[in-house]
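Two complexes are shown next, each including chain A; its partner changes from chain B in the first to chain C in the second.
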Partner chain A sequence: MIKPVLVCPFNRKLMDKIKNTQFIITVTGFDDIHEVIKSVHRTNELLGIKIHTEKTLSSIDFDKNWEKFPLFIYAENFGEFLELFPKTEIIRNLNVHFFLSAHNEFNFTGLKILASLRIHCGLWFDKLPVSWDLMNDLMHYAIYSKPKHAHIEPFKWLAEHYAVNGYSNYDAVYFNDPIKFLHINSNEQVAFTADDLLNNKFIAEGAENIDSIQNLQEYKDLSHSRYESMLKMDDCSFCSAFRICLGKFGYLKDKKTTCQPFFADLHDACDYHLSGKKTKENILWQ
Partner chain B sequence: MLMPNILLTEKCVRSCPYCFAKQHMEDSEVTGITWDNLMYIVDFLELSGQKKVSLLGGEPTLHPRFVDFTLYLLERSFHVNIFTSGIMSESRLWQCRDFLSKYPHERLSFTCNLNHPSISAPAETSRVEAFLEIFGPVSVLSFNVYTVDFDMNFLVETIDRFNMRRHIRIGLAHPIPGEINRFIPAADLKKMAGRLSGFFDLLEKSEISPGFDCGMPMCLFSDADIGRLFKLNQGMVNFGCGPAIDIGPDMMVWACFPLSNVNKRSLYEFNNLQEIDSYYKELHASVRKVKGGVFDVCDDCQWRKKELCRGGCIAHIMNQVPDKINTGIIS
Partner chain C sequence: MAVVIFKAIEKCNSNCIYCDVIKKHQDKVMDYELLKLIFIRMNEYLTDHPGEEITFTWHGGEVCLLGAEYFRVAYKLQEDYCPETKNRINHLVQSNLTLINQEIIDAFLSLGIKQIGSSFEPIHHIRGYGKNRDSELYNRKFIDGVKLLARNNMTWGVIYVVHRLSLKMPLEIFYYLTNLNASSHPNFNQIKMYGEDRHNLAISGEEFADFLGAIFPVWYHHRERYPNIQPFADIWRNTFENNMSMMCESSGQCTYRWVYVGPEGETSQCGRAGDYGILKYGNLKNFTFQEIMNSKLRKPLALRQKYLSENECKNCRFWGICHGGCPLDAFMIHNDFMKVSSKCDTTKRFIEKYFEPVTGFKVDFPYLN
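For the complex of A and B:
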């Protein structure tokens, strides 16, 4: 079994307690970044720092000293291009991925701007309404458009990791795929996802249990329960694109005019991307 | 060489008597280009291997995102040329100064269209001067000739005063087929050329090259004048007329402003710039089959056949034989 990466808030005590583990640290303030970098125990590996900010992306004061670790910045809004423009050079020198809320319509344009300037970026979702037309447009740009541009997630991840005969969970992009990541809070309570952690849906307690967590019955039970929606007679069970969506928009009422047509198109795009990869593999150079 | 134009907005602060974009602007329902459309065009041009682009309008600086768009294009490694009147609000001028003034003319240049002071309001003139104070060294003057008694002295004075690039883009005001605007009729073109050659001494003394935009027939000038033009322009004399390729905010394309109300197509119909160019070149060729050029002698002219001259502006030709041309060539 692969040892999961732990996603946890910045807490020195917790990090000192857990050894030989890969971490993603979540912080809410940019001032914490330096502290995180200094504090990570030598026996642990910091894979990245995830920052959720209420600032607009363009108003962030980027620091060239952040270049040591990958940063995953989640912002609500793109902001103003003129404010961002003077910072593009420093951004390119950082290992940074920007995520913008799918709730704000201009963010879709903002992501195209970022990607076309070769800055890796993506959408993040909450339960707020999204424009499926804009989603589709951005997805087409991310997967089909020919001019070189940076990745736009989760579309690029899905296209690259699409499994023809299996499930593809793009939550990996958000460190939310329970097969690869587990979430732990300062009280050492462990959950499958960030949402589960917020909603007190824990699978274990105590940092000492991390190494053996995959053997716990609670872990196995919850792992299996995640795909129970396929057993229900609801819209998701009949959706051709379930394999790449895994019911993430199961809460929507009218799926036939919202998520289903979009994910069907995304499914086609993944097939298209895969066929392109196969063609490249089959080139015979003589 | 193709250098497509992107119209950022249809709005303009001026009301020039010769304006050949007027009809297009009056008909347009779209006021300004969007980020998404601009990015589509930029990708389209990049895929076509085109890294030079002009921004125009209306007055492009009126677009609220003018500076954003210009910086974006520069960041995408395009050479950007901006056609402007130089008339803009103080706040826009300061914004341009803060963000755009650091670029060398190899990356960002301006073509400032200047009217004679006699038809410019004092407030306009002072705005243009404020613009040229900042951007003069990366700007070329453009002058549209629409009467035969034009003056060029003020252009030379302006170039000297603002340390501008020593070139004048000379455009002929062209007719808009089926519409009314001020332009020089074919019968007066020779008189216009005579007036123009009268300024050659001044231009030579001032080391300023007079470059023709398009639609200037070669036979307007004597061999001696052509020789002087050759020398003044370091061998680059243009007697051509061909598709310029304008792309509107609504993603429609057309060959050039005088032809903006005929054969407009959607950009989405084409895969690359070369396809658009071929489409309009074929259209031009079919018009020139009906009439070779603006003068009757153009049909048998050896210089036109050798492609040293195109026979003048195609809009003139279309104005001269509208009945013949309207039978199927223009849609």
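For the complex of A and C:
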């Protein structure tokens, strides 16, 4: 069993206490980045820093000294292209992934611009997507478009990790797949997801108990949690794309004109991507 | 390979609307003495046939009602009475999974059972407990059983019985079942009614074909996603891969391969024959497996293949994947084995109306006898 990565806020005391662990550190300010890097205990491995910012993407002052560390920047808005354009050279030299809210219409254009500039990026779903048509359009660009462009998540992740006879949880893109990531707060309370942590749904308390979480039946049953969804016999359990969505938009009332057609198209795109991979393997002259 | 459909128990904890077991009100359980004899008989047969294997299918009723101890005893009997042949006995289980527990799973594993065949129904009050068929509780227990199997790295698959209510929602049922288990896909079977159809659930062969036809285009375009949906996968392989493996009822090869063993040692052709009470081959207390497998009473089934291919099915391009269908079904309808079953209508309609237009291929299966 692979040890899960810990997603935690920047807290020196906590990070000193936990050893031999891979971390994703969440911060809210860019000033914290250097502090985080300095503070990670030598037995631990920093996989990335996740930053939620209220700034627009274009207004961020990028620092070339961030270049060694994977940064995952979540912003509400793309901002102004003219403001971002002069910064593209420095951004390309950083190991940075931008995530823009699916709630803002211009972000969909912004993501295409970023991807075409070979900057890895993606959508994040803090609120309902502003438009399922825009989602579909972006997904088609991400998976089918021939001109070279950078990854757009979560589409690229799903296409790459798609299990044709299994289930795929694209929440891994957001460090929120509990099989791979656990979330801990400064009070050393541990939860399966970021939402669970916010809603006080803890599975363990105390940094010293982290290693034993994998022995909990609750943890072992995570990979079978979809069965509970099936028991609800709701629209999601009868949906053609459940295997790649896992009911993430189950709260929507009218799924037949919103998430279901979108995810059905995404499912087809995953098949297309998979068939492309197979073809590449088979054709020697390529 | 000989296939034994073994019903040590016919009692069931559920009250599924289409099931014959409940109507029979059978409470019989095979005793350990007789169970011992079964293993002795299997050992005799396998010793006499060194190249043979037996697929021993634990069927019911609900096999988990037997309890873990029963399977532990079976394991002990196999160890004691089949020391040289036990590796050629492959145990399979058919269970509704609602009573399975860790003790039973441990006993199954000792018998080498790593996968379980089951059934599931997303439409409420078809499968369930009690007079009103409490499907909510039933489904809860089923899912608990499935989770327990997963914890033990055991696999499972379902047969879905297509009935009149299913006809309204073929794709929904298809998606539900493939979502429920993405790695092992369902087998769609037409409902078999025993006696009076009090709930108006029976469907014709044509209606069953239309049910399959509603799903087939989706399966065809996404067959890598859903590789083993039956009967599609078999028809596909038989058409394009020349791989003639088929369900028993279509194979035309069931005559000398199958045997049903009931709780009192009584035998007949197969599980369906046991349910119908026809083609009885005698009791294992009085006959060996060899005698039962070669019973002269099986002869009409062997003759049927030749007879149909020269008469009713002569020059039929679907012969190779149909073989006249299940002889027992034909007998129950016509009181005559030398007739085709209702599957004939299903096969023809499905292939002509759905399979060929969707795939663009014209099928031809006349060659296999």
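By definition in this document, the second predicted complex is superposed on the first by the 269 of 286 C-alpha atoms of A that agree within 3 Å, B and C clash if a C-alpha of one lies under 4 Å from a C-alpha of the other, contacts with A are read in each partner's own complex, and residues count from 1 in each chain.
As a working rule, a contact is a pair of C-beta atoms (placed from the backbone, for glycine too) under 8 Å apart; a residue touches a chain by one contact, two chains touch by 3 or more.
What you see is a predicted model; the values in this text were computed from it and never measured.
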{"item": "Chain B versus chain C as contact partner of A:N136, first or second or both or neither", "value": "neither"}
{"item": "Broader residue contact with chain A after superposition on the shared chain, chain B or chain C", "value": "C"}
{"item": "Which superposed partner A:Q214 touches (first chain B, second chain C, both, neither)", "value": "neither"}
{"item": "Touched partner set for A:Q22, first chain B, second chain C, both or neither", "value": "neither"}
{"item": "Contacts of A:S237 with chain B and chain C, given as first, second, both or neither", "value": "second"}
{"item": "Touched partner set for A:F85, first chain B, second chain C, both or neither", "value": "first"}
{"item": "Touching partner for A:N165 - first (chain B), second (chain C), both, neither", "value": "second"}
{"item": "Footprint overlap on chain A, where chain B in one structure and chain C in the other make contact", "value": "none"}
{"item": "Interfacial residue positions of chain C with respect to chain A in the complex", "value": "122, 139-140, 143, 146-147, 150-151, 171-172, 175-176, 178-180, 182-183, 218, 222, 224-225, 227"}
{"item": "Chain A to chain B touching residues, read off their complex", "value": "81-82, 85, 88, 109, 112-113, 116-117, 137, 145-147"}
{"item": "Residue ranges of chain B in contact with chain A within the complex", "value": "35-36, 39, 42-43, 46-47, 65, 67-68, 71-72, 75-76, 95, 99"}
{"item": "Complex contact set, residues of chain A against chain C", "value": "163-167, 220-221, 223-224, 226-228, 230-231, 233, 237-240, 242-243, 267, 271, 274-275"}
